[in-house]
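Both complexes shown next keep chain A, but they swap its partner, so chain B is in the first and chain C is in the second.
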Partner chain A sequence: MSASRSPVLTVDSVRQHSLLFLAKTLHTDPGKIDADADFDRLGLDSVMAVALILDLEEWSGLDLEPSLLFEYPTINELARYVTASASEQPRANVA
Partner chain B sequence: MSKVTALRRREEHKYGGSPEGIKHHYDIGNEFWRLMLGPSYTYSAALFANPNDDLETAQLRKINWHLNSAKVQDAASVLEVGCGWGTILTRLNRLPNVRRAVGLTLSQAQADYLNGLGLDKVEVRVENWASYEPQEKFDSIISIGAFEHFAKPDETQAEKMLVYRDFFERCHRWLSPRGRLSLQTIAFGNMKRHEANEFMITEIYPESDLPYLADVVNAVDGLFEVVAVRNDRFDYARSYDEWLKNLRSRRAEAVSLAGEEQVQRFERFYKLGSVGFRMGKINLLRFCLRPITNDWRATGEPVKTDGSMSLA
Partner chain C sequence: MYLESIDSRYYETPDGRRGKKAIQSDFLRRIQIRHFLLFTVLPPIGTAVAIALLFWYPLGWPVFAIFLIMWSITSVGQTLGYHRLFAHASFKAHPAVRAALAIAGSMAGLGSLISWTAMHRRHHECSDKPGDMHSPNLHGETRSARLRGFVHAHFTWMMGHEYPNVNYYTPELMSDYRLLWISRHYMTWIVLGLVIPTAAAALITGTWIGALNGFLWGGAVRMFVVSNAMWSLNSFLHIWGSKPYKCRDHSGNSGLLALFSWGEGWHHNHHAFPHSASFALTWYRVDPGYYLIRLLQALGLVWDVKTVPAQRLAERAA
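Entry: the complex of A and B
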């Protein structure tokens, strides 16, 4: 996707996007997912976690390393990191 | 008929490593691999020592670890099982004490590339370890990132162990009493075999299955003494991250070489691998093994390598 079509990245928009994605993955309601709970407590396995990262990359146009899942293992922490790094990292074209 | 003979009959040419499985993973264009792996052209976990290490430095350190572990400084002849694009064979070819180096691979693309390098002391064979019958003994055997392909998902645990045992028996027979076997392999960690991800089994490594640490230890019992073993799972996670960086930084070129679908497959694979190693689901094991022998001179020779050697 081109940068011009990239969404506006705020902590809220990243959180919202992640909640919707995980709700779909975990077959639950976004309102039932605690954005401050560790991924492990949410029932994420490695495949789901990688799917989340890949989805966030495609949506945001950012490169996101797998190690982020371990440094920021909640939706809110990850959302804060992604938002902060958006101002430092060029938003590449991700197909 | 022994159990191992029966298994060989059943699996025919796929026994000990499926050429079709290898081809599926490796024969997708040498140029694509080179772009992804970088100048060291080495497709296995590097050995990182500090946070500032780049991939090339860490790959060199990995190679040196294995050369030391296999006691190559004293070797006149060296066998490499799974020689890839020949980073180690190229190094061996330059060592004055090495007279002869043999590399086994199941990838024709790798063999073609290697034969084009003009390494005068090196013999490259497109051959499985299970059918190889060397005429002379070797002083060192190195196998990095090949063991992962020896067993298959449809084998029982007992059959898997027969294959591993067969491999170590052969290595033991092929080695001179003072020789060493240096081995590096991915292994299952805190996960069960049946939990292995479908994508990894069918898309990435078809017809290949991983060992557990205990499988290796059991399979060498009575044949090899375990001199050193390291679990460097974070090194593999970091290697995947570095390959992914190479791929991303030259993505358009990678797509033109291998196609969008292939590039996406590797992006997903490396991310899954990186997360799997970080979670300890899979481990990266490096072994220094010495043959058990009744040659007193060999058995009594103190170990010089302890796995902590510096960069040569």
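Entry: the complex of A and C
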């Protein structure tokens, strides 16, 4: 399997991936996005929130609930949750 | 959109990842029910009130004209914008025209630009097969099952349905900052679509009842009429209607509905040739939406208008 197919999930790698997705979607620089700011404040609506979760699912191979962004409303909180849940469920993209 | 797909549930990326094409969740269902109550249930109630008020306050030409203008703006936003331009890229348009059509289409209250486009592309991909969220043909063959299918396809599907993955179905819209901004402000455009007819009627008539009638006819009745025309494509025209071309689903044509939907009634033609800007395909079928595209093309505001050569039509004749 290629390395890209099964990324190593750490708080840092999930944070980086989420920042890149949001930067691309919000047309801004990843460095300008505050990983501790609420998703609401960053300008995310429900469509973008679900899009971020689905993108993280495809990338990580994990099953993630669309409502996660409301339970973990910042990039850092989300990254910590995703990393923790990686140890508790099988990942679809890991051979 | 990735070319390689496993089935209607999953897609595979070039580097071997697997993603979901659509999802269901309680969180999304709550949003869908709220949208259903606001924009599916309330407009018919407003329409009933508007008709009842006619017994005391005659409609008058100004309010009727406002209704017609708002009906035209939002119908055009739907068929030219959401449908022919954004979902099927059947022509190219100046950025200002793209923005205007996206906003006008949003005012119809049928979903935000990105959600609607993603759902529509999935509808074409799975048409009348599992995964098609509003097919009338997946409920069984008995009379009651077919009735249930019709009601589902017309409007009850909106109470809770699979939500398509917008990263997969609409990547180009997700990376278009202007369109994403318009899509994110969906509710603003709906409110604007209610405020404009109310304010216009208030200014013209100078009365409170005029303003109320402007709101009801330019807002509620207009939303009721436009949405029912669009929903009829999913219900009536996936059961009945003529089918002049070879096509793998149950879509049908209705020239009558085309008159009231700016050409959308040529639904079978559209399913047979989804990338054609003309839904009529031939000169003798009436397609007001296509005439407007040609007018905008003559003005230099749209270009690269896609049509289907006569020979291709002949090859696909049923």
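Heads up, the rule we're going with is that the second predicted complex is superposed on the first by the 88 of 95 C-alpha atoms of A that agree within 3 Å, B and C clash if a C-alpha of one lies under 4 Å from a C-alpha of the other, contacts with A are read in each partner's own complex, and residues count from 1 in each chain.
Here is the rule we go by: a contact is a pair of C-beta atoms (placed from the backbone, for glycine too) under 8 Å apart; a residue touches a chain by one contact, two chains touch by 3 or more.
Computed from a predicted structure; not experimentally measured.
Novice: Which term applies to chain B and chain C once both are placed on chain A by superposition, clash or fit?
Specialist: After superposition on chain A, which the two structures share, chain B runs into chain C.
Novice: Of the partners chain B and chain C, which touch A:S87 in the superposed model: first, second, both, neither?
Specialist: neither
Novice: Is A:G43 contacted by the first partner chain B, the second partner chain C, both or neither?
Specialist: In the superposed model, A:G43 contacts chain C only, not chain B.
Novice: Given the superposition on chain A, which partner contacts more residues in chain A: chain B or chain C?
Specialist: C
Novice: Looking at A:F70 after the superposition, I want to know if it touches chain B, chain C, both of them or none. Which is it: first, second, both, neither?
Specialist: The answer is both, since A:F70 touches chain B and chain C.
Novice: Is A:H27 contacted by the first partner chain B, the second partner chain C, both or neither?
Specialist: Only chain C; A:H27 stays clear of chain B.
Novice: So, A:G61: does it touch chain B (first), chain C (second), both, or neither?
Specialist: In the superposed model, A:G61 contacts chain C only, not chain B.
Novice: Kindly point out the stretch of chain C, out of 42-50, 240-248 or 276-284, that overlaps with chain B after superposition on chain A.
Specialist: The superposed arrangement places chain C into chain B at 42-50.
Novice: Quick check on the output: what are the common chain A residues between the chain B footprint and the chain C footprint?
Specialist: On chain A, the overlap between the chain B and chain C contacts is residues 46-47, 50, 54, 65-67, 70, 92.
Novice: Can you tell me which positions in chain A touch chain B when the two form their complex?
Specialist: Interface residues on chain A, with respect to chain B: 46-47, 49-50, 53-54, 63, 65-67, 69-70, 92, 95.
Novice: Chain A touches which residues of chain C in the complex?
Specialist: For this pair, the touching residues of chain C are 13, 15-20, 23, 25-28, 31, 112, 114-115, 163, 165-168, 174-175, 177, 180, 183-184.
Novice: Taking the complex as given, what residues does chain A use to touch chain C?
Specialist: 1-2, 4-5, 24-27, 43, 45-48, 50-51, 54-55, 57-59, 61, 65-67, 70, 92-93
Novice: Would you pull the chain B residues touching chain A in the complex into a rising list?
Specialist: 197, 199, 237, 240-241, 244, 248, 260, 264, 267-268, 271-272, 274-276, 278-279, 281
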